[in-house]
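Okay, got some structures for you below.
Same chain, two partners: subunit A is paired with subunit B first, then with subunit C.
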Partner chain A sequence: MDQALSSKKIIALYLSPGLLLLLALVYIPIFQTGYFGLMEWNGISQMSFVGLENYALLIRDAAFWDSAWHSLLLAVFSALSLIGYLLISLVLAGKIKGANFLRKIYLIPMLLASVAIAQLWMKIYHPTNGILNTMLMAIGISDPPAWLAEPSLALFAIFIPIIWQYAGFYILIFYAALKNIPESLVESAKIDGASAWDIAWKIKVPLIMNVIKVTIVLAVVGSLKYFDLIYVMTNGGPNGASEVMASYMYGQAFSRFDFGYASAIGFFLLVICLMITWLIRKVTVTDEDIQY
Partner chain B sequence: MKKKALTFSAAALSAALIMGGCSSGEETSGTAGDSEKVVKFMHLWPTGSSKQHNMIAADIIAEYEENNPGVTVETEVLENEQYKNKIKVLSSSNDLPDVGVTWAAGYLQPFVEGELFAPLDDVLDDGLQDQFVAGTTEAYAIDDQTYGLPLELNIAPIYYNKAIFEEHGVEVPETYEEFKEVVETLEAAGVPPIALGNKDRWTGSLWYMYLADRFGGPEVLTKAINREESFEDPALEKAAEEIQWLVDANAFNKGFNGLSNEEGKSEFMNGNAAMYLMGTWELPNYTTNEDVPQEFRDSIGFFKFPEVEDGAGDIDSWVGGPGVGLFVSENSEVKDEAKEFVKFFVEKWGERSVTDAGVIPATVVDTGAVDLPEMYIDVLDELGNASNLTLFADVQMSANVAETHLNLIQSLYGNEVTPADFVKQHEEALAAE
Partner chain C sequence: MRNEALTEKQTALARRKAAEQSKGKVRHKISMTLLYIVLAIVGVFQIFPLVWLVLFSLKNNQEVFELSPFALPATPRWENYVRVWTEGNISLYFFNSVIYTGSAVILTLLFASMATFALTRMKFKKKSLFLGLFMVGLMIPVHSTLIPLFDTFSKLDLINHPLSIIITYTAFNLPITIMILYGFYQVLPHEVEEAAIMDGASVHRIFFRITLPMTAPVLATAAIINMIYNWNEFVFINTFISADNFKTLTVGIQNFIGQYSTDWGAIGATLVISILPILIAFIFLSDRIVEGISAGSVKG
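And now, the complex of A and B:
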């Protein structure tokens, strides 16, 4: 075994399947998308080269910027929701009764398929016999809104299940990070008379700052390219009121058969995600890495 | 080490075998001799999901092969979505089957522009044209050449629940004014008058199309779409106003803009809403489908979209259109045989599809000679009397304009766009093509 691992050829051989898959399924398609973005192509006939025309169109496309705004809103909401997850994790990690059980409950949405979640929430939001409106009517609101049909509400109505969907994931990450903090640090803080609040914000949170930074990137980038629930629940409607960048791109490609333009959007989306990731890393950079 | 390398290559080999096995699995039936001509036929009725369709197709193929010694039909069967994908891939590599299934108008366009489908006018001129219901082959025509022969035909009547109508003392409306009164009566009684799921948007487009037809006559929408006239026509704007009248009168079930067609339909199917405008593909649900309670099936009737006073349209003009049709590949090496086969298939299909699969064919059915539920007979008779058939607007339009149309329909129903802007934005989208 040692002999095998010391040979460069063998290492290369064993790495190559993964590398090939990664190249074939991720990097080559990315470059292809970039290439298609310079073409006018309906997916069937011959492509024709149009240079940066698709990108020029993109800059002027108000509907796209609406969807970009919705994606940005989702990113902000997801990032803010991290605060809530962090609070929950702090409580869970603070040795309360049934923490283990609660942690599993929070994780369940993670285990459901997106389409199942979408179906579930569509039932909840159903305008006449959904559980939400039935409850609202029971407490005396005679005409509760049709959540997914109101342009002003549809987007936010979908944000809730999206945030709910990922709660378990982030709580799991925070919980694991908090559990990694040595008990001795907390003990000595207690002896020094620190309150639970102080321990949480001045000791625990700074110690897991690196993890928090990663979750911010995950939440923001994940939101920017978010697609599934929106596609199933409203398909971007009514009339674009809940459209996000990824669903807009899908519509351009598979409903309008404008694969060139859709590829340009896809490539642009990749660039935005890379830039934002870099930006977040830059902004949240700390002078020193706190070690324990 | 040697052993490991051996296992690795063995694994690679078996993987290759599996892949090879997959690609040739279940694809072909029938064998080709040396002198025989082979017509490759791709369709989308797998035994699993479309058993009856598949059986009819297989029977027709067997009969054709029997009648034409020396010609073999090789079939490849894929499920709907896979079929669409594979056709796209095959057409970009110029490798289409000799005969295949296509959809009308907008779907057809890129294939015709890429010169992948053969014109079939010579097949139709052979007397076959007369067998089709008027207006069906036209949906497959681009620049006066027909590129597909339709197999299915659907029109959209308004289904209504007789029990609800009776309970609230309303009659089937004969004029649009009466229809509005029916809506008002039902609404006042707390019954949602019309079931609609407008998340899918083409569902709302049906109502708009009928109003456009009844106000402006059968040509107005079609002419606006094919650019003979402007979309900013008073009748098209009037139809949009009427849609908003219906919305404001609570004619549709609550939250329709956020509900899919299936969800909207369930309002009708569970006896909640009184009316439902939909294609005749729903007929089995009101006649033969054993999963629907007998009592409900018996209580459903249909009526034609009522006429408006002083409108240019007449009551026998329908919104509807052909479903799938057959094409012949332009680059086929056995084009003559393929055309023969398509003709044979369409004729035989017309004889069997409605009785065996409940699918109304695009060819004329002799209602006296077949044994069918009464509702089918009524619909077929209406088809025979149809004065006009307007193809679904989103099928008539190119994919890009269709999306704009569908989004505008949703805005119109949501009162987010005024009727004047509604027609103006249509005009802009159509003019930009």
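And now, the complex of A and C:
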């Protein structure tokens, strides 16, 4: 019976469609991006080799570093908001009636297209008829700001729908992890007289540390790649105030047709994402495989 | 005498204890109520924007500007929906979304199942290397592949061609799908498949007739997750498709809303149409969606 299941031909046949697609459309392109980053190229005419010139330009490009700073801010905000999601999950995973229903309700925004979410929140932020300013005026604030047009507010205003979109996702992950903790551990701590607070922070949170680590990677790397919502809501504006790395790269490529420079940014983005994934896993090292 | 004093003391003690207990109960009740209020506020925050969206999709501009945002219009203006569906290209975009999403889901499930079958059922060396090759895809930012893909598709004349979209969606969803399937395949007993091999069935027969049907539940989970990702995808379609007749809803509503930027009812109706399939899927398949998102949470 082993014969059929170890036939090299059949194994190759079953693995190759997926592997070839991934090679052609994901893995080879990232090397090409690295290669294009060494070129001067407008996407149409012949490319010419310029070595590391694009990267030299990148280091001196203040607009790029602004966008990188905004990406970093988003990453920090997103990582910090995990604390809030964790608190909600701790409550939800206690003996709460309707917890299952609630966590599903929380999840709904995450299932919707970022483009639709962006359009909806543009309406919410609409300076005169949006629900936010309508409510602010109703409680007596006569001159509420035009959120997305205000350079000092735009990035913050974009972060609110991001929270709205992803809250349910992280709550779902934390909730599932918390529900996996054996009841007996919590019970014995209760018998020893531990308070609910102590049980949460000294028993439950350390037990799900590996999951928390994964969510930190997801939140940080996800923020660094963040694109759709910002592209639609502000396209990086006003005046670059909400530009992030991905939207900056996209603009350099498909508005300014500087494909070589955009490739350099794309490659930089890849390296940063891989490095940060590695770094967070390294820094937040815990005792792997905690024994219950 | 002595005894009486003792019992008095005891009853006093018992009374105090009971009082403390009921105080604790009250405190517990108050804190539970507070927690419920917090959870409910979070729920309202998550749902309210969508309710508001549905409300203004049923109003005309005058009603949007003059009525309270929470008020229902006197007569709901369903004609907003009729108008955007028939006047613009929304029905075409919708159809394209269905075609691209459906084709990519089928291809992804088939290729991912084949790969997972090989990785968990067949016998060869360096399995973990191959599994790793599939999983690395989870960490690649889309933007780092965009320019080469655009270049390749231009050379192959696949810009403004549905094929570029379908194969890209398929490739980028393979890692997450294999991840979801892999867990299920690992715990699925091998006995039925082994018995079939004893009976001399071919590998293909086993895969198509036994393994695929047995994995139907996890395939459903993976399918709904894939459907959501594809339906909502924006970057690839925005980059590879510029011809109006090949656009999907995510890009199409962009243009459409650009044209109708002051007509709130039309915009609302368009947005509701674009998210409706996902909401309907959610109502009927929420457990599967929750399961799929938990199983594939590395994607994010």
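Note that the second predicted complex is superposed on the first by the 279 of 292 C-alpha atoms of A that agree within 3 Å, B and C clash if a C-alpha of one lies under 4 Å from a C-alpha of the other, contacts with A are read in each partner's own complex, and residues count from 1 in each chain.
Definition applied: a contact is a pair of C-beta atoms (placed from the backbone, for glycine too) under 8 Å apart; a residue touches a chain by one contact, two chains touch by 3 or more.
Quick caveat, the model's predicted, so the values are computed rather than measured.
Trainee: Please work out whether A:Gly43 is in contact with subunit B alone, subunit C alone, both, or neither, and reply first, second, both or neither.
Mentor: After superposition on chain A, A:Gly43 lies in contact with both partners, subunit B and subunit C.
Trainee: Is A:Ile139 touching anything from subunit B or subunit C once the two structures are fitted on A? First, second, both or neither.
Mentor: After superposing on A, A:Ile139 lies clear of both subunit B and subunit C.
Trainee: Once the shared chain is lined up, is A:Ser263 touching subunit B (first), subunit C (second), both, or neither of them?
Mentor: After superposing on A, A:Ser263 lies in contact with subunit C but is clear of subunit B.
Trainee: Using the superposition on chain A described above, determine whether A:Leu111 touches subunit B (first), subunit C (second), both, or neither.
Mentor: Touch status of A:Leu111: second partner only.
Trainee: Where does A:Lys8 make contact in the superposed view: on subunit B (first), on subunit C (second), on both, or on neither?
Mentor: After superposing on A, A:Lys8 lies in contact with subunit C but is clear of subunit B.
Trainee: On subunit A, which partner touches more residues: subunit B or subunit C?
Mentor: Larger number of subunit A residues touched: C.
Trainee: So, does A:Tyr125 touch the first partner subunit B, the second partner subunit C, both, or neither?
Mentor: first
Trainee: Is A:Ala62 in contact with subunit B, with subunit C, with both, or with neither (first, second, both, neither)?
Mentor: Neither partner.
Trainee: So, A:Ile191: does it touch subunit B (first), subunit C (second), both, or neither?
Mentor: neither
Trainee: Per the definitions at the top, what is the overlap between the subunit A residues touching subunit B and those touching subunit C?
Mentor: Residues 4, 43, which sit in both footprints.
Trainee: Quick check on the complex: what are the subunit A residues that touch subunit C?
Mentor: Contacts found on subunit A: 1-2, 4-8, 10-11, 13-15, 17-19, 21-22, 24-30, 32-33, 36, 43, 88, 91-92, 94, 96, 102-116, 119-121, 123-124, 129, 131, 134-135, 164, 167-169, 172-173, 176, 214, 218-219, 221-222, 224-225, 227-228, 231-232, 246, 249-250, 253-254, 259, 262-263, 266-267, 269-270, 273-274, 277.
Trainee: Write out the stretch or stretches of subunit C touching subunit A in their complex.
Mentor: The contact residues of subunit C facing subunit A are 35-36, 38-39, 42-43, 45-47, 49-50, 52-53, 56, 64-65, 69, 110-112, 114-115, 117-119, 121-124, 130, 133-134, 136-137, 139-152, 167-168, 170-172, 174-175, 178, 194, 197-198, 202-204, 207, 228, 231-232, 234-235, 239, 249-251, 253-254, 257, 264, 267-268, 271, 274-275, 278-279, 282, 286, 289-290, 293-294, 297-298, 300.
Trainee: Give every residue of subunit A touching subunit B within the complex, in rising order.
Mentor: 4, 42-46, 122, 125-128, 146-151, 154, 234-235, 237-240, 251, 255-258
Trainee: Enumerate the contact residues on subunit B facing subunit A in the complex.
Mentor: 1, 88, 91-92, 110-111, 113-114, 199, 201, 253-259, 263, 399-400, 402-403, 407-408, 410-411, 414, 416
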